[in-house]
Amino acid sequence: MMKPQPRICDLIPAAMFEGFLLVKDAQERINVKGAKYLDINLTDITGEINAKKWDNVDFIPSAGQVVKIRGQVGEFNNRMQLRIDRMRESTPEDEVEMPLLIPCAPRKPEDMMEDIIARVDEMENAQLKQLVNRLLDEAGDAIFYMPAAKSLHHAQRSGLLNHTTTMLKGARAVCDIYTFLDSDLLAAGVIIHDLCKIEELRSDEIGLVSDYTVEGNLLGHIVMGVSRLDRIGRELGTDRELLVMLEHMVLSHHDLPEYGSPKPPMFPEAEALHILDLLDARMFEMNSELEKVNPGAFTDRIWSLERKLYRRQDTEAAEE
Amino acid sequence: MMKPQPRICDLIPAAMFEGFLLVKDAQERINVKGAKYLDINLTDITGEINAKKWDNVDFIPSAGQVVKIRGQVGEFNNRMQLRIDRMRESTPEDEVEMPLLIPCAPRKPEDMMEDIIARVDEMENAQLKQLVNRLLDEAGDAIFYMPAAKSLHHAQRSGLLNHTTTMLKGARAVCDIYTFLDSDLLAAGVIIHDLCKIEELRSDEIGLVSDYTVEGNLLGHIVMGVSRLDRIGRELGTDRELLVMLEHMVLSHHDLPEYGSPKPPMFPEAEALHILDLLDARMFEMNSELEKVNPGAFTDRIWSLERKLYRRQDTEAAEE
Amino acid sequence: MMKPQPRICDLIPAAMFEGFLLVKDAQERINVKGAKYLDINLTDITGEINAKKWDNVDFIPSAGQVVKIRGQVGEFNNRMQLRIDRMRESTPEDEVEMPLLIPCAPRKPEDMMEDIIARVDEMENAQLKQLVNRLLDEAGDAIFYMPAAKSLHHAQRSGLLNHTTTMLKGARAVCDIYTFLDSDLLAAGVIIHDLCKIEELRSDEIGLVSDYTVEGNLLGHIVMGVSRLDRIGRELGTDRELLVMLEHMVLSHHDLPEYGSPKPPMFPEAEALHILDLLDARMFEMNSELEKVNPGAFTDRIWSLERKLYRRQDTEAAEE
Amino acid sequence: MMKPQPRICDLIPAAMFEGFLLVKDAQERINVKGAKYLDINLTDITGEINAKKWDNVDFIPSAGQVVKIRGQVGEFNNRMQLRIDRMRESTPEDEVEMPLLIPCAPRKPEDMMEDIIARVDEMENAQLKQLVNRLLDEAGDAIFYMPAAKSLHHAQRSGLLNHTTTMLKGARAVCDIYTFLDSDLLAAGVIIHDLCKIEELRSDEIGLVSDYTVEGNLLGHIVMGVSRLDRIGRELGTDRELLVMLEHMVLSHHDLPEYGSPKPPMFPEAEALHILDLLDARMFEMNSELEKVNPGAFTDRIWSLERKLYRRQDTEAAEE
Amino acid sequence: MMKPQPRICDLIPAAMFEGFLLVKDAQERINVKGAKYLDINLTDITGEINAKKWDNVDFIPSAGQVVKIRGQVGEFNNRMQLRIDRMRESTPEDEVEMPLLIPCAPRKPEDMMEDIIARVDEMENAQLKQLVNRLLDEAGDAIFYMPAAKSLHHAQRSGLLNHTTTMLKGARAVCDIYTFLDSDLLAAGVIIHDLCKIEELRSDEIGLVSDYTVEGNLLGHIVMGVSRLDRIGRELGTDRELLVMLEHMVLSHHDLPEYGSPKPPMFPEAEALHILDLLDARMFEMNSELEKVNPGAFTDRIWSLERKLYRRQDTEAAEE
Amino acid sequence: MMKPQPRICDLIPAAMFEGFLLVKDAQERINVKGAKYLDINLTDITGEINAKKWDNVDFIPSAGQVVKIRGQVGEFNNRMQLRIDRMRESTPEDEVEMPLLIPCAPRKPEDMMEDIIARVDEMENAQLKQLVNRLLDEAGDAIFYMPAAKSLHHAQRSGLLNHTTTMLKGARAVCDIYTFLDSDLLAAGVIIHDLCKIEELRSDEIGLVSDYTVEGNLLGHIVMGVSRLDRIGRELGTDRELLVMLEHMVLSHHDLPEYGSPKPPMFPEAEALHILDLLDARMFEMNSELEKVNPGAFTDRIWSLERKLYRRQDTEAAEE
């Protein structure tokens, strides 16, 4: 396990630093005397610091890499600066705790993936089971680190798995209450509804989204998801009605045309999928935003929600 | 228990009828010979029939009353008509099964009320418990038969209790998943959010809504609910922040100004209340509408949902 | 060639009728004497008439079939009725002129199809040519009679071909004016943009649309078109950027989310496709509506256009 | 009466200043030699100046206080700075003319309040008179200095009284023209419609609004006003119809859901109240904005009005 | 003066009728014996009755004409029918009280016109006076009987004058309160803002609007009014700024694009004009609608107002 | 013809410059020694440079003028600065190529004007020909340099002519395809639809728009265009229906109230005009925006189009 290390926001001049940091960007430069040095910006979840390595510039790390650093904090132009003595790439053996470096889902991706697999195994509808398994296969490893959005809800490493597994819990509860719902159909909808975000967003293994892909911009994950489902369902010979219903669930899960769904949910499982998606997104976003303000205060207006939020004074309730 | 009785939609000429029916309207008239007779329209959940009682017009039942009838089916102007031999008011001893006469919630109102009381008793927040108890007291007996709407979701006898108790199940599940939520606050919101429908709608004990009240039209149940909460909370000396938050939950539970909420939900419990309300209304409405069409068919466009609905062919799943 | 025949709107009692009519519906019934007879409703483009065949009920035509009738006009309950003496199915040799029976495109479907084939042959981009050819193949024979809508623009036999070929003329003109446009890409977009209406609408060979299909209702021709394109493009190994651009053109051709396009046109060829589609639909619809009113008059408010239209007094200009 | 004093915008280095200024903020600090001094920002309606009192720091005024200052203007870092020789709190005897220090209503609050009292006394409807008097009592002294908004129309000391009394004039004129209106009801609506702004906004006695209160954010002055009216009306036993109508007037005075009124005005007095409110807000805002530009020029786009305004060249007309 | 006459709604079989009625339509017909008779529908403000004149069919009145009738009430097919003995056109000497026959403004058109002339004479701005006088001249006699709308507010004989003169009272009051307004400019705006309704609507001298004119449909009275003002102002050499401001007032008086104003009011007089127009239309419409229901009741939903209206129980206040 | 000259964006210190530049602004100043010098900012289409003329300040050019400059590039405060040795006004003989200095239409205004004249000469409808000629006369010389907008499509010197002549080509093509259209009417609409932009925008001869005029702000070019048409049509005695139709075409060419058209197009020529206008604006704007990004990239969100645009990788197609 990783040793405790100072947080960037706590660094003060003259302090020594030893620990792991994420590379934001790095460049080899030449100083006035003609010597090479490394100019590098490093981050943990609390902030960012510029660093220089003045000699032994043996390797130039790439953006998104985690490196182990030893060095001393100095000051330059009124800003902290780290003078690096030693630096190396991190290895699996370091067991770096990523949540100290970037926002991460609260559970391990492997555990969350296991929940999903377990739910698929439980399915009584063999066609749905086959179809979902095939789609998970096609999604590949990216599913493990993929965030669920560029900047809104679940914009965190493995956010897609976090969003999906939380919704699966909701789906189970909803099917217990509204017993006329087909729970396999709803679970299948939950698992695949956002799967094409993997192709819509350009994310590295760290779980940082840099941009939308060309397909993401021109088609969007909803329509890409329908196409993929249609293609694979035809390959597998999935029952046509079942396939079209599942495609409709993906297509309608944003509910309104202006949010990307050309059709509104037209049967109860599609409606339930939309509402569970809304619930999970809102709970995540509200909770995250409220963590940033003090009890008894309002947040600033949040553009995605078109409102301010209030964090109650009564501290037992507002924090978890 | 009530004996089996023929359904109005099954009546044929010359058949005898004995059983309980609901009075739609009744009037004493005078025939060509100057004799009084009773002209009465009677309904069960399957249809309506006109009836005459030609002699012994000893009492004229009022609309909404349940009567026991014995008579014979005839035909007049190509339409069925019932000649009444005997008629009396129903009594509690008759144990009339109301669901045979009008749409009713699937559970008994007393049982549903017990669930609510149980949830209130469970509350750890004493102020909320006191406040909710007081509001339930003020609501009086009307809560037992009140529908939840004039014509949309839960427009059924005891629909308000049905809606409330189903939402309480949802609230429990949501608090299990999103543990930062204050479950007492959410449960209190669920129980009181529609309580002022009792003053907004004009309903008789049968559970039929004839119209909106003057207050219902000029203020609406949301604002009436906030006023009532404010008045009672001040009387009880409820903590100001808690009271204002609860008022806000009632105020914002329709989410958007155009649906009657001048403020959107501004903290997680308010948002959860809105989403649970939406979920229960949608599940009820979709299920009811789909029961009216055949598997594999679409409903007509439903104006309140602004869409058609599809009932899948696969019969195991679409029916409960 | 077909002989001249009376129009239904001109029939008067006692007249003889000989000619071809379209069957709206037909049923075998039994008269009071226990004898079988045929009860049939027949239409041409000017109206509808009920007919009876009292004997020799040897075959019962199906809705949408064209039959040759000989009979005499009578009157029953103040309405015209045709007594059929002889009736047979029409054959290709009859060369029935369909425009006398239902609204038809002004050109023959074969001629219009030839224009499309010619345009495809002209394509310099081999990938586009291959893709469009394959999509036309999959569309099958239905393309020949398919209308372009259930009730709006080009709701006529072969309306889809009419719409497509007219837009191809527009596309050529637009590429001549705006020379930076890729004319093959635009032509491909025109040819395939509405092709999935064949699966969205339930049409018979006569070109009458009875309803939307389940897929049509749940997915819509736009998304169905994107899925199909995606599947076939992957099979053919079409260049990814080209394929995604063509999918985007289909996806965005209704321009706005509320009209079914989750993405607006994001490059000039997509925009041009949308505008050419709009132009052809509007010209067709306005011209059709104005033909129904007198010069100098306004139409009633047309719901699809949200306006009334004016037909000018100056007759040379307003009619074609 | 207050003696003439220089305006902050006219101060030049070396000038002497004697007069009254408003304290924006004030802090005791310690100079390099370890001595206490007072660092204070002072404003009048024309601008703001920083000041220092280097010795005899006997009292530290609080924000919003008016102080009498004697000192000399200097310059520090290219900005004016006032060296204070003497400073004391202002007293009622000073008769400070507040309009020289902050935006104020053009009439004295006491005079405006008198107009309101006079209108209440004139009421023939005893219930309305009692109700309005009670609401004015509950409003307390804050009514004298309260602005009518944080940043839009009547954002001035005593702006609420200014807005109310001007609308009362309008109400009188409207009742003279449309004689079917109940003038007492309309006057009561005018007086109470914005009264809960006192609880919605956090204002000091100077009439500066710093923020919305928690209640203001979560409920808004409209709903707070309805609740208060309902509670007091029930206490006083006000006729139910009259009370509900008055509540409706408060509730509907913003006319549209998106402006905070869940119900539109549903009888003529409610409509008249809304229109008088609109008229007064617009006249105030347009006039204020036009005073900031030259004749013959347009203002910038004003976001609250979603338009630019034009000030005519003809100077007699455009200025008052 | 006209003698009292029975109201159509009070007629009973066998009664004699003598009085004036308005011709809705009239046609000469031929009875089974080949004799000519007159078939005519007649109205007063309370209803409509069919009448026959069996002989002496010497003249056939035209729709919209007022005739003097003597006859007797009979019954035909369960409906009242008037057998006419004598009929003649009405003459000025009859002094027919039109308000008994159709909805009329409460004051005489001549008196209202005098008010307008008086206001114009009062104008200090000679250019405005000249311009308004010229526009009134061009309007001609139609101004005397013109309604202000086809079916909404002031759809009554001389409704345009009624609307204009009531707004002039409002304008005077508003200028007294907001003294920075140019009262001549506002009065000019009031007088001319709806003047082009005379060309927009097709009205007969009775004051009944049958339809919109071609210009009315294609351009609308607002744009027609601007064009006319522009043309006449240029002829008269009106100061350009003054003319453009007046054109803007006409153009913006419906406030919003969706109500026909491409520009919103951009100076105070334009805003005041819009608000006075709104006030007068709303007061008229609400009062008219409420007169149709009983105290304590709601109207049906009124489409132009998008709401129901409430008539209070307290009768002193709700009726004039 | 103009000699090649360096582009501002390519200037480097010490370089000599000789050529023509556009004056952005110029001022005479006095240096520390009391001597006059000229301080001037100069632009070409690639950028802007500050210049000084230290002696012989014989003339001060005005903004928008083109001057011939000879001088040397220096540096001051890290920015390029031009020291002017000689400067004179440009003359027609210089044959300055304006497209090197500001955005210009790709064709010469005289050539474009000729196209328009040719189309008018071709008109068979003498009334339209007379009307259009008269409007072109009134437009005067400004038509030669006028841009078509302040900042959107065709914001270039002679942009109005460019827009008009391109649309004329489109109109010809559309009339060939939809033969029921009146081509003279459509061409007339094209030529006059934006003509009043000349009065709406304040442009100098260079073709730079500085602002909207008072009329432009208060009325807008659409309504100004209708008024002008109405006035001139009445003077010429143009047939009323024809005139009203043409006015309607101008009025409706923005299609929707929120874009400035109070009436939607109500006959086919009006609709065609709107669509051709839309097509030309969109093609121009998209092409211009895409020229600013690299192949394979997206533009930033473009506010007027409410979307991003994509420039394809395939370079043959995306560039002209």
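Note that the chains are named A, B, C, D, E and F in the order they appear, and that numbering of residues resets to 1 at the start of each chain.
The criterion applied here is as follows: contacts are C-beta pairs under 8 Å (C-beta built on N, C-alpha and C of every residue); 3 or more make two chains touch, one makes a residue touch a chain.
Treat the numbers as computed from the prediction; the structure is a model and nothing was measured.
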Co-neighbours of chain F and chain E - touch as defined: C, D
Other chains in touch with both chain D and chain F: A, E
Pair with more cross-chain C-beta pairs in contact, given D-E and B-C: D-E
Chain A onto chain C, rotation angle from CA fit, given as a multiple of 5 degrees: 180
Distance between chain centroids, defined by C-alpha means - chain B, chain D (Å): 48
Centroid spacing, where centroids are CA-atom means, of chain C and chain F in whole angstrom: 44
Mean-CA-position distance for chain F and chain B (Å): 66
Chain F, residues touching no fewer than two other chains: 214, 217-218, 241, 245, 266, 308, 310
Chain-chain contacts as defined at top: A-B, A-C, A-D, A-F, B-C, B-D, B-E, C-E, C-F, D-E, D-F, E-F
Touch list for chain A against partner chain D, complex: 296, 298, 308, 310
Residue numbers on chain C that touch chain A, as the complex places them: 214-215, 217-220, 222-223, 226-228, 230-231, 234, 241, 244-245, 247-248, 251, 256-258, 260-263, 266
Contact set on chain C toward chain F in their complex: 166, 169-170, 173-174, 176-182, 185, 241-242, 245, 264, 266-268, 271-272, 275, 278-279, 282-283, 286-287, 290, 305-314, 317-320
Parts of chain F lying in touch with chain D, wherever the complex brings them together: 214, 217-218
